[in-house]
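First subunit A sits with subunit B, and in the next complex the same chain sits with subunit C.
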Partner chain A sequence: MAEKERTSLSRRVVTWIPYAWLVVFFLIPCLIVLKISLSQTALAIPPYEPVFSTFADIRDKVGEFSLDSFALLTQDSLYWLSYLSSLEIAAISTILLLIIGYPIAYGLARANPSIRPYLLMLIILPFWTSFLIRVYAWIGILKPEGLLNQLLISLHLISQPLAITNTNWAVYIGIVYSYLPFMVLPLYATLEKLDVTLLEAASDLGATPLKAFWQVTFPISLPGVAAGALLVFIPAVGEFVIPDLLGGSDTLMIGKTLWHEFFDNRDWPVASAVAIVLLVALVVPIVLFQNAQSRAQGAK
Partner chain B sequence: MKQALGAVRRKFQPWNDPASRPFIEFRNVSKQFGSFTAVDHQTLTVFEREFHALLGPSGCGKTTLLRMLAGFEEPSEGEIWLDGKNLAGVPPHRRPVNMMFQSYALFPHMSVEKNIAFGLKQDGMPRGEIAARVDEMLKLVKLEPFAKRRPDKLSGGQRQRVALARALAKRPKVLLLDEPLGALDKKLREATQFELVGLQESLGLTFLIVTHDQEEAMTVADRISVMKEGKIAQIATPAEIYEAPSSRYVADFIGSVNVFEGTVESSSPGRLQLETDQGFTVRTATAPVLGAGTKAWFAVRPEKMRIDHDRPEGDGVNMVSGEVWDIGYLGDVTVYNVRLDSGKLVRASVMNAQRAVARPISWEERVWLSWSDDAGVILLD
Partner chain C sequence: MRRFSTFNLVSVTFGFAFLYLPIVILIIYSFNASRLVTVWAGFSTQWYVALLHDQAILDAAWVTIRVALFSATVATVLGTMAAIVLVRRRRFIGRTLFSGMIYAPIVMPDVITGLSLLLLFVALNFDRGFWTVALAHTSFTMCFVAVVVQSRLLSFDLSLEEAALDLGAPPFRAFFLVTLPVIFPAVAAGWMLAFTLSLDDLVISSFTTGPGATTLPMKIYSQVRLGVTPEINAVCTILVALVTIGVLIASVVGKTGMRATEAA
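Moving on, here comes the complex of A and B:
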């Protein structure tokens, strides 16, 4: 009896450790950001008020909370334009990643099993260098006197260097390059599991290879497509480094706006409000999507 | 003799009729996978409306033959003809054959009816006709209530039926069945075997089945090709394969058999005498004429042997004595393993026609085994 209690206790401890981790390092920071977003800017350190220094403060000063920062987001078009532009850049990048990543994942899944580990290694290899350095390297490739323009000019394909850096194109290139593994790996995981006899069956029943792909391979790989798309779309929306380094002054992205509010304007409440709205805007549709998906799987 | 053996199931013997046109022809076909020879220069002819079984242990090349006909593998050498057309270079999706896969290979993201309609849709059949054909197929395999279900919500037997319906929906010239009943339990498997035969006869299609189960091949097939290491050892009707196997391999693969090695003593048409190395003499009426001194094997089935307490009357040939080593009571038959004086075990089976036997044979008793002149066959290989 006592032993049983001990095992159930140890089991409870084991399951509570990850929850405790999430509470301490995710939920509490989120609540702090939420609290800052409801505060007012002040010329102080930290640059907002009220500041809770004791638990009694929470009761006394809670009346000082205001929604002014959120109201500002609706009044200044800069914010919602940034949101829209971020969603658009993230959506286009996701589609580009899908178009480029799917054939790579398919090729990996169909490659000779003896060389597959090496090909997978090539996909993962870029992670061994710093993300920041790799994005900087793209400036060297894309800038007017960079490697890409030199190559195209020497091949006589163009006479004037293309202006790629400081445009949205450079942002797309940067995002697609940086996020490709996150798209390829979940796609590879689903495609690798696909039973090849299903394609033989499709072919046996009269489907050309192209029809077999669209009617069998692609529908079966949809969970991988969804996983890959979510994995690249969510971080791409909030991406800061790539638009900051490769994008131009007219590249509007919410990550940049947030940075600007936080560090240049020192308006912590507005920056926090931007972050909270971004979080809600991303989390709510994803939770709804996953609920729908698990319900669809349960119904099967 | 051959005619009588072939006529066990029904009168359908185009292979005995020189005028009948071959439907499927493997002409000197080989298939190499690297250095491994899966099929080695084999020729096989199957006739229209025939139910033909490729039988053999795993790795004997039977599935490779089937996959070459479906178009998933191209022969390394030789040609495959179907209904007067050479299939060389024709991709699988243009071949008028359909396959029922061992794993069923049902599309997991489609309902039963969509699975069945898949092949018809590829052909661009009008929607109304597809629906009619799907209904017909669902009725044929008795799956109407399950039309909207996904494969993962079906039992193994139901999935097997969906696979069958999907493969039959396009009315293929040949239905290929790759170990189609392997995943079913014994009772269901036996019932399905008879259903397959009924279906094949009523639809008038040519069926080519791959199996490693000799009982299944005997039950369903008009003719069986017994395969061994990439070669066809014998092509014949089930009765011929059982009663007149061409080699020890075939005799041993189909059913159980007692084989005795020996030397031909004398041979004339309709009569051959063999001295076995077990010290007894065999006389048989069913053997080719062989020179005296030729090494040969005598094969006799357990149920063709009599077992008695007393020495049978006669001239002393076709009999041997031994000790009862083991008795297996199987209900319908009792199997006796009799140990000869040399130590060799011989198997004899007796039908339990009566519920009680006056003087039952029991363990460690001395018994006599005997058989008639036409009970066994002489094999040279």
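Moving on, here comes the complex of A and C:
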């Protein structure tokens, strides 16, 4: 009996320590963002007018919640355009990643099994090096007097340097480069399990390799396509470093807008409102997706 | 069939060239004698020497390493606990909230994590500096540790630990003597992941930092905005070299560890 009590005590300790940590450092901060998004902007430090400071206040002041910040989001086209442009840039990057990542994953899955672990490690290795370094590496390559333009000019393919940095194309290249392992790994995981005899059966029945690919391989790999697309699309929408360093001043992305609203304009309520809308737009579907997945696992 | 394997060879080769060429170019140009990053003017190690005398960069590197060591270690403890809860406790009050709080920070954009933690520290009147950055890093990296350890715990045979409990070992002792050695490769991998994520972070550090706590990525970022310089290439080369060595050691240790558990 005493032992059982001790077991449940240790269980409780192990549960409540990380639980309390996550509540303090994740849940409460999110609630504070929500609260500040509902406050008025003020010229002070901290630069917002608190809606309430103690719990006793809450009841009296509920009527004073301000939706000004959210109203601003709907009125000023900057925010709408940032959202739409983030979604567009993330979507185009995801499609480019699929086109580039699929052949790589396919080649890896068909490689000699004895060298596959090493090839996989080579795919993952760049992921461990700093994100900032990988983005920085492209600035030297893409800028007008950079190596890519030097190469193209010396090959007489172009006569004038291409302006790639400070355009959306540089942002696509940066996202594709940084997120490639996230696309390749889930694709590889599904393609590796593909039963080769299915393809042999298709070719015995007279299908060309291309037809066999579209009718057999691709449908089987769809879960990997979905996982990879989700894994790169979601972080790409909130990306800040890549559009800031590689994109131009007209490259609108919501992460960049939030950053400038916060650090340059010091408008905390508007920055918080941007964060809340982005959070709801991204995190809620993901948590639902996770729940559905764990329920599916539980059903098995 | 022959045509297909050529296609595979080409796509894999192209893929690796795309992944590695930019980094190789970055490393080559860190040894460039010219200040102009895109003009090659002979081999030189002068930028590495210059780094050794750049006190601001050295200070930033030291802050970054301290933050990463602290946050990776605490995050590994917290993340392992969270993984145990996720795998072993199927039913308790607020389990959905708990698993949501583990997965949500992983997909949450950095700008939001940074903003929300800063607002927390402001609300608590916490002096911003080393400790706020370290706490912020601990709380976003612990979720990654939890996911890594969770996947290993799922395949752990619970009857081993139950046998230890039946033989009279107290629960903590049973965990440390039986379970931990088996899941250790995953715990170590979680620590490595937390360490590199912390080393790498720019956005969350920028939001939560204060005077005297400039991390290396913040330093690199502020210089990169002014342009590409060979010193930054040299810093990046050193970081790439360190990470490569670390990953190679980890994979060797992981393999020997795996073999040891298989043999046991």
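As a working rule, the second predicted complex is superposed on the first by the 241 of 300 C-alpha atoms of A that agree within 3 Å, B and C clash if a C-alpha of one lies under 4 Å from a C-alpha of the other, contacts with A are read in each partner's own complex, and residues count from 1 in each chain.
We adopt the following convention: a contact is a pair of C-beta atoms (placed from the backbone, for glycine too) under 8 Å apart; a residue touches a chain by one contact, two chains touch by 3 or more.
All figures in this text were calculated on a predicted structure; none of them were measured in a lab.
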**OP:** For A:L205, select first, second, both or neither according to whether it touches subunit B, subunit C, the two together, or no partner.
**Re:** first
**OP:** Return first, second, both or neither, reflecting whether A:L72 touches subunit B, subunit C, both chains, or no partner chain.
**Re:** neither
Original post:
Which of the two partners, first being subunit B and second being subunit C, lies in contact with A:I36: first, second, both, or neither?
Top reply: second
Original post:
After superposition on the shared chain, which partner residues are touched by A:V23: those of subunit B (first), subunit C (second), both, or neither?
Top reply: second
**OP:** Considering only the touch criterion stated at the top, classify A:I153 as touching first (subunit B), second (subunit C), both, or neither.
**Re:** neither
**OP:** Look at A:V241 in the shared chain and tell me whether it touches subunit B only, subunit C only, both, or neither; answer first, second, both or neither.
**Re:** second
**OP:** Considering only touches as defined above, state whether A:V216 meets subunit B (first), subunit C (second), both or neither.
**Re:** first
Original post:
Where does A:T15 make contact in the superposed view: on subunit B (first), on subunit C (second), on both, or on neither?
Top reply: second
Original post:
On subunit A, which partner touches more residues: subunit B or subunit C?
Top reply: C
Original post:
So which bits of subunit A does subunit B touch that subunit C touches too?
Top reply: none
**OP:** Report the residues of subunit A in contact with subunit C in the complex, numbered from low to high.
**Re:** 6-7, 10-11, 14-15, 17-19, 21-30, 32-33, 36, 46, 100, 103-104, 106-108, 110-111, 119, 121-123, 125-126, 128-134, 136-141, 143, 145-147, 150, 177, 180, 184, 209, 234-235, 237-241, 245, 255, 258-259, 262-263, 268, 271-272, 275, 278-279, 282-283, 286-287, 290-291, 294
Original post:
Can you name the residues of subunit C that touch subunit A in the complex?
Top reply: 3-5, 7-9, 11-12, 14-16, 18-20, 22-23, 25-26, 29, 37-38, 78-79, 81-82, 84-85, 89, 92, 94, 96-105, 107-112, 115-117, 119-120, 122-123, 135-136, 138-139, 142, 146, 165, 170-172, 196, 199-200, 202-203, 206-207, 217, 220-221, 224-225, 228, 232-233, 236, 239-240, 243-244, 246-247, 251
Subject >> Partner subunit A, residues of subunit B touching it in the complex >> reply: 70-72, 91-95, 97-99, 101, 103, 105-109, 118-119, 122-123, 150, 152-153, 166, 170
**OP:** Would you mind writing out the residues of subunit A in touch with subunit B in their complex?
**Re:** 195, 197-198, 200-208, 211, 215-216, 219-220, 300
